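In what comes next, chain A is part of two complexes: it sits with chain B in the first one and with chain C in the second one.
After this line comes the complex of A and B, so read on.
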């Protein structure tokens, strides 16, 4: 099992989820992707879109300031 | 295959879709589609497939752009009058999406060239305006087991279905072409320009669904619409065991040549 990191704190909708999906496409089922993202639109939409499309969001933790880390299982 | 940053942006709305995604967009990029006719139907089909990033688009048409075409053939512009349609289409596609490889055939599709041409493609789009070529495409695609999208428009009406090997073909419903000049052509009967877009975009959508292998194609059913009443219907039809080309005892085992209506030769 692999765990990869992705930083989308500089991205805007829809590229936040686009980059997340591209990174997920490189993983195998069961692998984990840790995504750093900012509050607001990315934190609201990326976990929701990932769940809608059949991925599991395992945890969302506050890192610092407006940055959060979500862990997605493929 | 890895997308560049600009490809990721260009195709972002596809990549987000669950039923396309990265995998689907790769299939689209690897897709090879032949469009027969760069006219009313071929124009929106070519534009949407190019925009979608279809890797290779073949376009066959022997005509040049005429002023009367511009009312509906939206890939051709006023300065293109008298230019070969395939060249005009190729130039627009290059501007829309330079990543698409366009193969232009400035010739008529015929019994002589059809097998050689279609074998290079995953699916064929019928954007023709005459019955002889529609039957030619059907017969060659059935014999070569090549998927195709049938399309036809006249006045305010359109019809389309999709053939894939093993499913019903055009001859399962329409045994043979009507005699020349019994059914008027668009140049005789007229056609509302925008319905070319309505039907062509349905055909383009079928091609994209076929390439990404999602959803249910218009196989074994014909979609028809009347734009005046804006009624859409799908009529189910099965594979016909008595079909002269794909039935149990086919009488057609090679390509037939039917006479083109005289007016179609000039436009």
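After this line comes the complex of A and C, so read on.
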């Protein structure tokens, strides 16, 4: 099992969930992707689109200020 | 992965303007990222976005077609639909996009390709300009007409940009 990190705190729509999807497509089932993202559009849409596509959002942790870390299992 | 039936978005990319191509590829990559099946049908000026030669070059067959090919250019020459300032604006807009951390047209095209967006070229426009499939980037899935486009886009949303 592999755990990869992705920082999309500087990205905007649609690259927030585009980069997440591209990174997920490179992983094997069971691998984890930790995504650093900001509040607002990314925090609302990235976990939701991951769940809709059948991935599991394991946790969402507040890191600091408006930055959160979500862990997605492929 | 969820294997339930996919939603579908089909874009007719007609204009070939920088800003409208940004809109088309933003919608395409964003929709593909949330698991839509996405088709883009490039027709007329839209073909400039998918030419293999990204700058100005005499592509096509026949003198007139080659002049048109040169004047139209490739994806590096596409004009802004408004305030083009003799071709200076797309470069300025790309500079602003980079500065503000917004994906550039090049990045949006690359993302769309990485997410397996289906790219199709219009057969009729290709013939008018004396071009062949070899004049387009290899990611072009095939050269199709209206009947195929209707078939591929059936059951989904169709938009014209």
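The working rule: the second predicted complex is superposed on the first by the 74 of 74 C-alpha atoms of A that agree within 3 Å, B and C clash if a C-alpha of one lies under 4 Å from a C-alpha of the other, contacts with A are read in each partner's own complex, and residues count from 1 in each chain.
What we mean here is this: a contact is a pair of C-beta atoms (placed from the backbone, for glycine too) under 8 Å apart; a residue touches a chain by one contact, two chains touch by 3 or more.
No experiment lies behind these values; they were computed from the predicted model shown.
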Item to complete: Tell me which partner A:14 touches in the superposition: chain B (first), chain C (second), both or neither.
Response: both
Practice prompt. For A:30, select first, second, both or neither according to whether it touches chain B, chain C, the two together, or no partner.
Written response: neither
Worksheet item: What is the contact status of A:52 with respect to chain B (first) and chain C (second): first, second, both, or neither?
Response: both
Worksheet item: Of chain B and chain C, which one touches more residues of chain A?
Response: C
Response to the item:
Shared chain A footprint, chain B vs chain C, residue numbers 14-15, 17-19, 21-22, 25, 49, 52-54
Worksheet item: How about chain A: which of its residues touch chain B in the complex?
Response: 14-15, 17-19, 21-22, 25, 49, 52-54
Response to the item:
The chain A residues in contact with chain C across the complex are 10-15, 17-22, 25, 49, 52-55
Worksheet item: So in the complex, which bits of chain C are touching chain A?
Response: 1-3, 26, 29-30, 32-35, 100-103, 107, 111, 114-115
Practice prompt. Write out the stretch or stretches of chain B touching chain A in their complex.
Written response: 3, 8-9, 12-13, 15-16, 18, 21-23
